[in-house]
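The next part holds the structures, each set out as structure tokens.
What follows is chain A paired twice: with chain B in the first complex and chain C in the second.
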Partner chain A sequence: MAIKRLFIANRGEIALRIVRAAQALNIETVVAVSDPDRDGAAARLADRAIVIGPASAAKSYLDPRLIVHAAKESGCDGLHPGYGFLSERAILPRLCADHGIAFVGPEPDVIDALGDKLRARAMASAAGVPLVPGSDCVATAADARREGDRIGYPVLLKASAGGGGRGMVIANNADEAEAGFHRASAEAIAAFGDGTLFMERFVPEARHVEVQLMGDGKGKVLHFGERDCSVQRRYQKLVEEAPCAAMPDPLREQLHASAVALAASVHYRNAGTCEFLFDVKRQEFYFIEVNARIQVEHPVSEMIAGFDLVQEQIRIAGGAPLSVAQDEVKLSGHAIECRINAEDVGRDFLPSPGRITRWQPPEGEGIRLDSHMAEGAMIPPFYDSMVGKLIVHGKDRADAIAKLSAALDGFVVEGVPTTIELHRAIVAHPDFVENRIHTRWLEQVLLPERAKRVA
Partner chain B sequence: MNEPYFSATLQSLMEEFSRSGVRELHLRSGDFEIYLSNDPAARGPAVSRLAPVARPLAPTAAAPSVSAPAALPEDAIIIRAPNLGTFYRAPKPGADNYVELGSTISVGDEVCLIEVMKLFTAVRVEEAGTVHAILAPDGAMVEAGQPLFALVRN
Partner chain C sequence: MMDDDAVTRALNDARALLDTLLASGWQDMHAVSGRTEIFIARTGGRANPLRRQAVVAEVPVTVDGPQTAIATEHVSTLVDVLSVGTPVVAGQKVATVRVLEEEMALLSPVVGRVAASPVQPGTLVEFGTTILSIAEAA
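Here is the complex of A and B:
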């Protein structure tokens, strides 16, 4: 049954985004807020806001019982978890089901299965999705040499019992594999009391690509193209674009088919993203994981597809079939998103919450801003420091970069330091313009260059 | 007005009112009655003076089960909901309420239960006093920080 009143169990820009999507579908909205968020943009736009707890996320946005209690008592028949917080915790859809509330997301069992790395890998493998080439247990230095030759260098030797980088060695050839075995194994024994290792291909300059999926829960899954999210710092994405311009079409088709096959094999329902490592040199891609939620960077896919993914999420949760067929999904042009945070880049990206004293966002054709900010708005210190997402759409990558560059130049925010200036530097860098980036480019190239200039 | 839009409607009424510049508003419709004032010194007829100055998203309604005899003294102790949940004035259905208007309570006494998903938490008072007003209806959902009782010091 179509959802009539939607509960939004999130905050910030995504809560506002979901309220707007629901309102476009003529659905009433109730938004959960913590005490400091009671005057936020989502709370003001929604039909109702309910204070569920104090600032501490553990006592508000992260408490599934409070959330579902508030949803039930406010008469909601649907619940959207957004991203982060409880969005990938199976307890939330389970509690929703107990109380007759439609959860805007996958089945709880699917969330659990995909959240377990080993099970997810097994499911990917069963669906024919390529995994990073690797070995079973490696017991001797001779095994390490043989496996290294088979996998192809460079390889990563990792402790089976491991974690946190201990017992991890990179080997660039057979001799290093043999020597590396002794070192990694000794480290693993010292750290975990178990010297068992395994090996995996190491991709030094990888791209992060991911496929946007939408499933009906009955085995039918659509894709909305891929995104390239290779500009990262400490595994946090800063810039995302669609499509991945560095990927040739035949490989792109295989990528989409792999992601769809995996999601279809579990009868995936609602929005999800299948993430891959793209080895540009070898022209191969490997499965990383599936994110069972709408993602921060979904707007770039919406821009090239001309399709509202959040509205589709809400319709599907209400029992509607997919509203388009795969051959009706037409991807055109190029979109780029910059995640803008209130952070002090010069002080190691120190989160810098506070009040926005001046807010002058760029406007124009092909420019979209997903933000809950305005002049006088407060970024409270209790949550992430996101100010907003600036998204542009151009006819091709060069056009998108030109638009983005102009938009960033015209974006004025005062009151808190932001990453806008860093985004200007990224977008202007020849490596970005010529698309020669990889997941460690920001940390290995751009940030050191800037540090040198300051020094 | 049907729940749960009752409180949202009430809230917008309060917001409109505070913007309007009108000094006082006294509205009665059936068994519903509300008194709003922009004058902090006002003495409302049957509604707690807290109503017009309540925090924006936690309106305290003058529903029939809410008892607020008169304006509160300046030093009234407000007991607020520690978290969102359903407000119960009695330990179990059919039992006597923990407290009534005029009850004298000591530090550590239980005054109500807040229920979330069948988990009941007793709310205890941290200061002694006499129950001067009961600010939320029995069995209603209350939000985190919403005023439940007003006590006056003995």
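Here is the complex of A and C:
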């Protein structure tokens, strides 16, 4: 049954994005807000906003009972979790199911299975998806030494329950593997309450590529091309583009087929992303994980596909079949997205909440801005510091870079420091222009170059 | 008595609420802002909670101490609440709220008498909403 009233369990730009997508489908919207977000853009645009709790995310956006209670009591028959917060916690779709609310996302059992990296690797392997050479569960420092010797150094120790770079250590030899085991395990326990680790080959100068997927929950899965998210700092993406211009077409087709095969094997429902490590030198790709949600960087896929993924999510959650066939998904041109954060780059990217005193975003053909900000808007200190995503679409990568460069030059934000200037430097750098980037390029090349200039 | 500014604000609030109600599919709206409280309903909307308050407010509150507001710490649905005029002691349950199937008691931190209970049972109450005020014993 099509959703008639949608509850949005998120904040910031993605809450606004979902409200707009629902309104385009003539669906009423109710948005959950914490106390400091009660005057936010999503709250103003939605049909109704419900203040669910105080500023603390643990007592508002991260409490699934409050979220589902507010959704149910406000008469909502659908719930979109956005990204982050509870979006990949199986308890949310389970509570939704218990109370007759359609969850805009995958089945809870699929979320559970994919959220466990070891289980996800086993599922990928069963679906014939290439895995980076690695280990099963590593329980002791001695195991770490033995597995490191077998895989070949350098290796990466990773938390089974992890994400966002926490609980991850690189080891270049057996001694480092042993010492790294203790550090990664302690970090994993602190961050996730579970110290289970696994190991895999570390690929220096790898690219991060990922395939945008959409499944109907019955085994039919579409892809909307791949994204290259190699400009990262501490495993957090800063710039994303589509397609991955460094990947040859035959390999690209294999990449898409692998991602679709994995998602189809679990009858994946709704939007998801299959992430891979792309070893450019070996011309191989390896499975990393599946993110069972819409992702921050979904707009670059939308721009090259000319397709609204969030609207499709809502339709599918309402029981509709996929609205397009794979051969109707036409990818064209090149899109790049910059995540603009309110951070002080010169002070080690210190989050800088505060009030926006001037907001003059760029406009023009092929320029899109997904943002909840405006002049006078407040960035509260309680949540992430992203103020918006600037996305451009050009006929090819060079055209997109030219548009992005001009758009960044015309983007004026005052009142808080932002990363706009850093993005200008990234986009202007010869390595970026000539596409010689990798996941550690920002930290190994660009940021040290800038630090030297300041010194 | 309200001063002219307060009257103007109240009228503006009422107009804005009326516009919102007419533009929405809702049956009624109940807004509380400072000392102003407005209830607007379509035909078939719920009963006017202010009328109930106006009636019960006639019960004299015989204590003159300061008022303590008891507000919700998170979104919930009000299950029951003591009526205006009820004497209470510290630690006594004065209201029950529900989140999904779980009910929680709200306790009075003071001795006194219920001076106001502006929310009707069955209402979805947002974070920070005052469910009742207790006039403390002098």
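As a working rule, the second predicted complex is superposed on the first by the 388 of 455 C-alpha atoms of A that agree within 3 Å, B and C clash if a C-alpha of one lies under 4 Å from a C-alpha of the other, contacts with A are read in each partner's own complex, and residues count from 1 in each chain.
By definition in this document, a residue touches a chain if its C-beta (ideal position, glycine included) is under 8 Å from a C-beta of that chain, and two chains touch if they have at least 3 such contacts.
As the structure is a prediction and not an experimental result, all values here were calculated from the model.
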Query = Given the superposition on chain A, are chain B and chain C in a clash or a fit?
reply = clash
Query = Once the shared chain is lined up, is A:391 touching chain B (first), chain C (second), both, or neither of them?
reply = neither
Task = Would you sort A:159 into first (chain B), second (chain C), both or neither based on which partner it touches?
result = neither
Ask   = Given the touch rule stated above, what does A:39 touch, chain B (first), chain C (second), both, or neither?
value = first
Query = Between chain B (first) and chain C (second), which does A:74 come into contact with in this model arrangement: first, second, both, or neither?
reply = both
Query = For chain A, which residues lie in the overlap of the chain B contacts and the chain C contacts?
reply = 34-35, 47-48, 50-54, 59-60, 65-66, 68-70, 73-74, 95
Complex contacts: residues of chain C adjacent to chain A = 24-25, 73-77, 99-100, 102, 124, 126-128
Remark   = Per the touch rule above, chain A residues touching chain B in the complex are 30, 33-35, 38-39, 43, 47-54, 59-60, 65-66, 68-70, 73-75, 95
Of all residues in chain B, those that touch chain A in their complex = 3-5, 7-8, 55-58, 83-86, 116-117, 119, 141, 143-146
Task = Would you mind writing out the residues of chain A in touch with chain C in their complex?
result = 28, 34-35, 47-48, 50-54, 59-60, 63, 65-66, 68-70, 72-74, 95, 99
